[in-house]
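Note that chain A is present in both complexes that follow, paired respectively with chain B and with chain C.
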Partner chain A sequence: MDALLNLLPHIINGISLGLLFALIALGFMLIVGVMELINLAHGSLFALGAYAAMLIISPDPAWFGPLGQWYLGLPLTLRYIVGIALAPALVAIVGFGLEFCMRRTYGKDPLYGLLLTFGAAMVLEESIRLFWGSGEQVMPVPQAVSGAFLFGDLIYSRYRFFAAGFAVAVILLVWLFLERTPYGAIIKAGAHDSEMVRALGINLTRLRLYVFGFGASLAAIAGIVMTPIWGLRPHVGVDAVVPAFLIIVLGGVGSFWGAVIAGVLVGLVVGLTGAYASEWSLLSMYLLLIAVVTFRARGLFGKKSMLEA
Partner chain B sequence: MQQTKAQPTFWITRQMLVLFAVLGTMPLWAESVGLYQYLGVEIVIWMIFALGFNLLLGYTGLPSFGHGAFFGLGAYAFGLVQHELAVSLWLGLLGAVALAAAGGGLVACFLSHRRGIYFALMSIAFGQVFWFVAIKWHAVTGGEDGLLNIPRPAFDFGVGHLALDNNTALFYFVLAVLAVVIIGLWRLVHSPFGKVIQAVKQNEMRTAFVGYNVWLFKWSAFTISAAVAGLAGGLFAMAQESAYPDVMSLHASGFVVMMTLIGGGFVSFWGPVIGAAVFFLARDLLGSMTETWLLWYGLMFMAVVVFKPEGIAGAWQDMVKRRSSGRERGGHAGAALAAQLKR
Partner chain C sequence: MSKKTSVTRRSALKALGGVSLGGAAFYGPWKHNRVYAAASDKPLKIGITSDASGQYANSGASDRRGMHMAIEEFNAKGGINGRKIETIHIDTETTPATGSRAAERLISREECGFLIGAVSSGVANAISQVAQKYGCVYLNTNSSSPTESGENAHRVKFVWDGNGNNFAQAAVNNAMTAYGKDWLLLTNDYVWGHNTSAATRKLVDKYGGSIVDEILVPQGTRDFSSILLKVQQAKPSVVAAAVGGDDQKAMRQQVAQLGLGENMAWINNQQDWPDVYGLPLENLFGVFGTTWYYKLGLPGVSEFVARYQAMYPETAMQVPGNVFYNGYMATRELLSACERAGSTNNIKVIKELEQLKVSAEDRMQHHDAWMNPNTHQMQQTIYLATANHGAEDKDDMFKILSNSSPEAVQDKTADAAANLEPYEATPSYEA
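Let's look at the complex of A and B:
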């Protein structure tokens, strides 16, 4: 019982981290499902979202003169909400641009899409370096969700709970959108059989554009939420894209809840190994992936997919 | 055309002679065109790495995004042999090749029944594992700093020896290794083994139906490719006089993919050679103009993937073909050249 009690904080930490991993994987999953495209630029879009939000939350006061002064005088919470709403929209525009470049690779070997997004990831990362520099950045968070609180004898970071709750909310909203709206029905149909969707008179080109933009903005949201925990530097994207594809392969392509469960599982494994060997905690997720995939090639809940082509 | 058909059985081809002539004279003209001796060493080492990589990507059709791991394994093995066992060039390189081949063989056991995108993703995961261990296993790898002060042992050939501590001597040594690797891989891809792995690339299932053990061929191609990467890594550790985890990162693994593709590894044996030279020349030329040369190189890579996935070698082949079809009869020489550039 005592041992279990000692583990409890690690389990709680692991689950909250897992929910955030699931949030990171969400946009990636959507793009894999509908477009059969591995978006290796996912991590860079994640980083770009965080940088864009930082710019919106605390812009250089010299930029807009008195208007900037007035804006910076607004409460941080308000600016934070503006940032979290506006930055994903900006990243979605970048996503549209990227999808536009991608069009020539449709119908070819999916490897070309992978290579193209790999190049795009590098270009985005270098662009971030160009505009914001290579240094570590700090994103301010509103007072209400920062700080720590005491529960039992242990101190918990308030922001982690806020972030986990936010992740749950976004995951549920995306699920409701996919399951309960006609747009969601089209997206799911596109993932299932894109030829049939086209035959039914739905503009597949536009669908792909929107799905990619949507996936990019989900990456941006994940980036904004993760930044106070992970910190922000140009190459943070790699730290995000690797867990994202890992979770998708682990959960199985084409399974929404598979990805969420895989995310929580990865979070738990990382959290628990962190309790005993904190140096090696991130290694455990690769070993989990290798162990599961060796025995179940399609992941935990996967269906037949482009990965097996 | 008869002549070109017989050509693969040659040990040495015209392209090799051109390449060796250009590279062999490089120390004489490099400085007068604004380059420096060490650049040549780097280019040749990455040519070796990329050639080995292309055995996997271009010939077997397996896109590995974690190949930096084997390059890094070779580098660490070379350094550890010098530090812990003996200061010996041959022992160091042998260790580099052996460790990388062992690592590659192990990873290949998990990957050889995969292909395409799944293979690419799993190779990233394995590459990250090696990279992560290299950073965290302080006692052996020296952590983030890596192994420092790796000596450059002399080239000992029985009757005498040659010091490799200046960059020109080292350049000629790595060039000799490149020559061995090129001839070896050229023979390999034109051997029955080479034909089978190309068949695997085109249609794995049919190759299996004809009766070949596809898994074993993929495993062998992966292991050989990892061994060549390890050789390049060992040379790199000697050239840099250190071994560090950066070369195992996803970025470094991506660089070799990028240079192989831009050069034209999909359509030509020479693609990785061209690509490695372009990469380092771009780094130095663009790098002297702008800090963010990778931004421009990345854009170039994206443009190649979108418009000309066959890369520079593919564009050259097209140009030669167009010219030769323009001149009905006179195009004979051009067609022969185009056929030569194909594998």
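Let's look at the complex of A and C:
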């Protein structure tokens, strides 16, 4: 019984961590699903979103003079809401620019797309370094979601539960958008058969632009949510892109719920190994991937190809 | 009619003999095989092996700034023995394999006379193995695994930071008296973490305490939630953390979020200034060690800070910290050793450094410092500090609690473990 009581906090913690992993993977999954493009700049867009939000939430008063002073006088909660709404929109614009650069690579060897997004990742990271410096940054969070609470004998972070709840809300909103709106239907159709979508008179170029921008803004949202947990430094995106890639492969490329469930599984595995065999905690997600892919090459919820018997 | 040419046995033997003699003169057997820059007008090249990416990128940048300030000061005086000093930097990426490659290239291709720089002990160990092969003098400026001056000590390597054992000696006995005897170790899963925790464990045993658990933290860990839950479940009196770089930043942030910094006693072996500069003070919980602080109130410190600020006016880090200090001091002492020796011959420079003694005033520390000739580690003052919650200046983050003399915290284990290569086994060269 004691062992079970000891285990329970780790299971809850693993699930909350998994929801955050799922949030990180969401934008990545969308772009891979619709555009068949592995966006290696996902991590840098994640970092850029966090830096942009930090700029909006707590700008340097010297930059904006009296206006900046007035703005900083507003409640932190209000500035946080502005940051979490505006920063993803700004990163979506960067995503539009990146997609515009990508257009010449469509229909060619996928390596071109990989190289371009890899280059973009490096440019974005170095730009962040030039603009914000290489030191650690701290994003302030509203009082209501900061601090800790006691449950049983253990102290939990209030922000972590807020972040997990926020991740659930974003996941549900994205799902509703994809499943219950005509735009979502077009995106899904584009993922299934882009040529047929074009044949039906839908502007595929614009669809790709919007999907990439949407994916970039989801990366930014994940960056904003994760910053108070992971901290913020120019190369923080590297910590995001690897689990994101792993999760979509594990869940099955293009599968929405596959990515969510894979995220939760990775969170559980990392959380439990972190508690009971911490030296394996980083390795555990790769072992999980190997175990799944060995028996199910297309991931947990990947659809069978028409070429397969 | 063409003249017939033939190779006789006699001429072949003569040619072979000539080649052998020429080769012997150049390559040995006396291992005096690199004469890169004997001419006094040739610049003295120094290879900088520091991280510009990876876990210790930020500390690497601070380390380099320290080296550059020392070099700039010597160049302003006319260089070393009339030779200008030049530097070449290769990013060691906080990766031992890259460190090896960088060292190999800087010595054999770029013909650098000396190598300087390290934050990660794994990288420092890799660099020093290559440096020893060539006899190239290498300064490990900022890595602090006890093994660096213990079993991984080399004749060519000099270690300038305090090590995990020094810091543990300064902290463990006092912490045990103040907080209790049940300790939990948080250990970064690489050479520095393991050796630092081993030193702490030994001291805890020595003073009658016990280790309730040791949790290994893989390098690259960003989520500490499960580890921190485990720590709470273990209910230790003291948590002794040997976690560094970006891992430590993430850990501090998450501990501060939980308020665990106030709820249990933390000993953070060493706290590098670049890892905490600009962070909120609640992230700076517990007691930690350092080798230097910009507000020590000793002669020369404020002038040193002013020189830093004049040279790096644009740097986000507006005051220097321990990493900068170590980078500066190591480089300054290397160049001073070359001056005293009147030569850049590696063996002469090594011998100069081995008998190095620096006054407290010159080091801007509380006690005189000296180089241990057996381990090649600088024996220096060790400070314990905590967060300075009462400060008016935002940069004044540390409150210095105590200082220990080098003799009080000397790492005797390293003394026993170090086994430097003989001079004869170390290739000699003129840098």
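Rule of thumb we're sticking to: the second predicted complex is superposed on the first by the 301 of 309 C-alpha atoms of A that agree within 3 Å, B and C clash if a C-alpha of one lies under 4 Å from a C-alpha of the other, contacts with A are read in each partner's own complex, and residues count from 1 in each chain.
Keep in mind that, in the parts below, a residue touches a chain if its C-beta (ideal position, glycine included) is under 8 Å from a C-beta of that chain, and two chains touch if they have at least 3 such contacts.
Fair warning: this is a prediction, and the values are worked out from it, not measured in the lab.
*Asks:* State whether chain B and chain C clash or fit side by side on chain A once the two structures are superposed.
*Replies:* Once both complexes are aligned on chain A, chain B and chain C clash.
*Asks:* Should A:Ala185 be classified as contacting the first partner (chain B), the second (chain C), both, or neither?
*Replies:* neither
*Asks:* Quick check on the superposed pair: does A:Tyr112 touch chain B, chain C, both, or neither? Answer first, second, both or neither.
*Replies:* A:Tyr112: touches chain B, not chain C.
*Asks:* State whether A:Leu130 touches chain B only (first), chain C only (second), both chains, or neither.
*Replies:* In the superposition, A:Leu130 touches chain B alone.
*Asks:* Just checking: does A:Leu176 make contact with chain B only, chain C only, both, or neither of them? Give me first, second, both or neither.
*Replies:* Touch partners of A:Leu176: none, neither chain B nor chain C.
*Asks:* Just checking: does A:Ala85 make contact with chain B only, chain C only, both, or neither of them? Give me first, second, both or neither.
*Replies:* Touch status of A:Ala85: no partner.
*Asks:* Taking the superposition as given, does A:Glu279 touch the first partner, chain B, the second, chain C, both, or neither?
*Replies:* In the superposition, A:Glu279 touches chain B and chain C alike.
*Asks:* Looking at chain C, which part out of 62-70, 98-106 or 296-304 clashes with chain B after superposition?
*Replies:* That would be 98-106, the only stretch with clashing C-alpha atoms.
*Asks:* Jot down the residues of chain A that show up as touching in both complexes, chain B in one and chain C in the other.
*Replies:* Correct list for chain A: 279, 282-283.
*Asks:* Applying the document's contact rule, which stretches of chain A touch chain B when the two form their complex?
*Replies:* Listed in rising order, the residues of chain A that touch chain B are 38, 101, 104-105, 108-112, 114-116, 118-120, 122-123, 126-127, 129-130, 238, 242, 245-246, 249, 279-280, 282-283, 286-287, 289-290, 293-294, 297, 306-309.
*Asks:* Hey, which residues of chain B end up touching chain A in the complex?
*Replies:* Answer in residue numbers: 63, 65, 110, 115-118, 120-122, 124-126, 128-129, 132-133, 136, 249-251, 254, 257-258, 261, 291-292, 294-295, 297-299, 301-302, 305-307, 309.
*Asks:* Can you check the complex and tell me which residues of chain C touch chain A?
*Replies:* 53-54, 57-58, 61, 189, 215-218, 220-223, 225-227, 229-230, 232-233, 246, 249-250, 253-254, 257-260, 263, 274-280, 283, 316-317
*Asks:* Can you tell me which positions in chain A touch chain C when the two form their complex?
*Replies:* Contact set of chain A toward chain C: 6, 9-10, 13-14, 16-17, 133-138, 146-148, 153-157, 159-160, 228-231, 233, 235, 239, 270-272, 274-275, 278-279, 281-283.
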